[in-house]
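Dropping a structure here in structure tokens format, bear with me for questions.
Each chain gets a letter, A, B, C and D, in the order it is written, and its residues are counted from 1.
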Amino acid sequence: MKNFEYQNYIYSRKDENDNTVISVKGVDIGSNKLTIMAGPCVIDSYDATDKIAAKVKDLGASVLRGGAFKPRTSPYSFQGMGTSGLDILHDIGNKHNMPVISEIMSADELDYFIERIDIIQVGARNMQNFDLLKKLGRTNKPILLKRGFANTIEEFLLSAEYIMKEGNKNVILCERGIRTYETFTRNTLDISAVPVLKRLTHLPVVVDPSHASGIYWLVKPLALAAVAAGADGLIIETHINPRESSCDPEQTLTIESFTSLMDELLPVAKAVGRTI
Amino acid sequence: MKNFEYQNYIYSRKDENDNTVISVKGVDIGSNKLTIMAGPCVIDSYDATDKIAAKVKDLGASVLRGGAFKPRTSPYSFQGMGTSGLDILHDIGNKHNMPVISEIMSADELDYFIERIDIIQVGARNMQNFDLLKKLGRTNKPILLKRGFANTIEEFLLSAEYIMKEGNKNVILCERGIRTYETFTRNTLDISAVPVLKRLTHLPVVVDPSHASGIYWLVKPLALAAVAAGADGLIIETHINPRESSCDPEQTLTIESFTSLMDELLPVAKAVGRTI
Amino acid sequence: MKNFEYQNYIYSRKDENDNTVISVKGVDIGSNKLTIMAGPCVIDSYDATDKIAAKVKDLGASVLRGGAFKPRTSPYSFQGMGTSGLDILHDIGNKHNMPVISEIMSADELDYFIERIDIIQVGARNMQNFDLLKKLGRTNKPILLKRGFANTIEEFLLSAEYIMKEGNKNVILCERGIRTYETFTRNTLDISAVPVLKRLTHLPVVVDPSHASGIYWLVKPLALAAVAAGADGLIIETHINPRESSCDPEQTLTIESFTSLMDELLPVAKAVGRTI
Amino acid sequence: MKNFEYQNYIYSRKDENDNTVISVKGVDIGSNKLTIMAGPCVIDSYDATDKIAAKVKDLGASVLRGGAFKPRTSPYSFQGMGTSGLDILHDIGNKHNMPVISEIMSADELDYFIERIDIIQVGARNMQNFDLLKKLGRTNKPILLKRGFANTIEEFLLSAEYIMKEGNKNVILCERGIRTYETFTRNTLDISAVPVLKRLTHLPVVVDPSHASGIYWLVKPLALAAVAAGADGLIIETHINPRESSCDPEQTLTIESFTSLMDELLPVAKAVGRTI
């Protein structure tokens, strides 16, 4: 165990009762009730997103996720709908009374995000984009900060500190898998990070089993494991027809699979003293 | 997802009902009932081991673990009691009616192991010691094969195949953490390996949360996660007084911690349809 | 060897004579003559930087490096002098007739960089900050793109493509070590990346042995290895008194060490048909 | 830089003049003259091996390599000719007056190796097969110890210590690439390990650019880099017709490529004060 200095930061947990709960439009993230965030990888139309939102809400999801600005390795891949995608997400969130989350890639769109999006996501590739972190720290929006795919827990917490130091204490940490030598899965879910983060910090911790595995049939067992290990929530890619999705079809759940996941998640949540 | 050829091997699972159960002295490994293996990292005396055995059996462990030959990075570290440690383990196993498991480091001791030990463990450093694997394949002893700390799932399964090809089908797979860039934990538990292995092979899969984390307070959450993800059992370092243990005191549970673990494990096991 | 699609990109090398040379203030990067970039990790005063510049130029360096905006893991570490650091670097570059290079962390300072800095560096943490890459692609400034510390060669080249697709073909690639399980060195210099990049792309390739190793006494052997493997240049942290430097003292060369490096580099350069 | 205890071991270098030279049949490994070991991945016939030996000796190789026992990931891959392969290697070594090196996989064959083989190789997968190391330590044969593909430099040196502690001081260290997330190359050559090992230990250090890269066109630049970084020798897979080789054809040099390598290696060796 590496002995880093994790005391005396704003993120540091003082004792076992020191747990931040972030409330957004009636959803309490970090509370005893698990927060399930679900929705498509990328927003490609109003109708498809609307149908997915209706379904996942009905099945127990409380936050709607959807990408409008997509960080793609290649400049020739579809980059997302941009601001019009945010408009769609905002309208559908209102319609179904669900807070919405979407990833920001540049501070240029910050005002647009602040007006339309309830939780702003910082993706793994921008976890150490310190300029962006500082600017988000000067807002009061909840920020879901994803762990960089090759960043240590210490670096992850210090990136959270960049946001909090500027004044914004509403940070949600998200473990989404790290890069290792193993090639069977897209990434390696660092399940240990969940109890480590819960011990070191008072911030809510959610897990993304979709990006961690990259394989649809691994999402359910990893989701159960995450909750058993103490996660406060999950963020899951879901689509009416994954094969029609513009990105990540291999890791996206169908509504049937999402239903099955929620069915099996409930008893595990209860077993560790949580509700859904 | 890497597309390796996993069909048509002896280890390959034919369908979802194809699950090998390995029975050893009344313990069914790979059955609906979880197998809890517990005991000291290293056997250093009859009395200490006897006390631990009595306690862990009482708390629900069904297999007694204990090291006699220890693979130590430095030649100047304590290397274990050797054959006299196996004698102690064997006697205490008989006394408490528990099958015993211990790690083999050389085929030279194979006859001694066969006479005294019920499950022979191959450690992570010997996962690709193909000569040893072949010799174990010519016995009919149950073999617990630990994944090498930098081996892929494909390599892990092909090492199992080395044993099975020689005739011994009694192989138990053990995920024990892989080596990554993260230094907070001793290794990174590859929790995804559990459902992947359960899908690709009919062999029982157990998890070692002690070596995976290297930190005593991580053993419980990782154990719960492993069972939630589908593991068939756990192997856990436990000691009456970890600080007196000759090795790995930081990751060894006290009896109090082991009690707490078993208490919290039961509802999670039930939640995923298992018993203990 | 992974079989990725590297043909038909703007970065793709057509044949062994297809080598881009980037000329900046009389320095030809990617030519037969090696480009040595040297200077302090961070600019902390006019006088110290001026002295270093005079020394390294005299010893054969042709580009002056110096950080003004520093990407620090912790928000409580010194973040650099900012724009006033760029002013100092610009003035000293003019005085000694050396082009200057410095790292940009936010597009907000792009105009300031364009006016004062000859080569704009994108650091490892921003290699997939696609918004920044696109904006740099709309300038005609030479860009030194550092490989992310956990990015593949394929991802590295596609980030270069992000810049080039917008119109700016003046991209210099920089290998600076990758993150592995080895903890003796700060990173692991991926020396193979040098000949791989030289084969796949027509762009100049330089190596940063300072960040790759994190240890001053490794800078020289790694620099020799880089040139032997085909690198077009080096970027090296150098200081009159490393212990006075505000960052990275352990990996910074003294003038004496830099002198020794240049002395030993010359015959190796000649041995592979290069000049300095 | 990790601060491990490397002083006061048998392997520890006392000062910069403390360099072990291992003499075997007139070849001085660790001396100012580089040691080039070359030959086929696997011995598959007398005639092919004889032709290769004649060629590589003529081109400057002083040690003949050839595999007889091959550690293969799958039990269904060709496992080598076994003892008859050792016989062939021994006879051809005598004919051409070259010491021979081959990999041992089990102590069962130790007597056979001692009689016929001049340098016994321990492969990466057996670097922590401590039983084998101890038995080799009780011989006086030169041992070429390959670094495990996921072992740290500290672990590597302590495995050397296992051999030396038993009495055998004739250990040659071999860096052959480590396992990382990068998939373009088979492994990542840790070039920094060369100067680190040369500083910490008095033992000879050789580099295997064939296994490190897995790609024939990378062998030459990596070989030049290794010598520039201070390696005492190289071990290179070479074949008259790599496509006919039973293993590793993609990384094996033709005689033409080996000739070109030796031609370009000579000036680099001279540049760093070595001969061939």
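Throughout what follows, a contact is a pair of C-beta atoms (placed from the backbone, for glycine too) under 8 Å apart; a residue touches a chain by one contact, two chains touch by 3 or more.
The structure displayed is predicted, hence computed values, not measured ones.
Considering the contact criterion stated above, the chains in touch with subunit C and with subunit D alike are A, B. Chain centres computed from CA atoms place A at the largest separation from subunit D. Remark: subunit A and subunit C have CA centroids separated by 34 Å (rounded to whole angstrom).
Chain centres here are Cα means. That of subunit A falls 34 Å from that of subunit B. Between the Cα centres of subunit B and subunit C there is a gap of 48 Å. Looking at subunit A, one finds that residues 150, 154, 179-181, 183 touch two or more other chains.
Chain-to-chain contact here is organised exhaustively, every possible pair of chains being in touch. Listing the residues of subunit D that touch subunit C in their complex gives 1-2, 4, 150, 152-154, 178, 180-186, 188-192, 194-196, 199, 212-215, 217-218, 221-222, 224-230, 250, 264, 267-268, 270-272.
Across the complex, subunit D meets subunit B through its residues 71-76, 105-108, 125-126, 128-131, 148-150, 154-155, 158, 161-162, 165, 179.
Listed in rising order, the residues of subunit B touching subunit C in the complex are 150, 179-181, 183.
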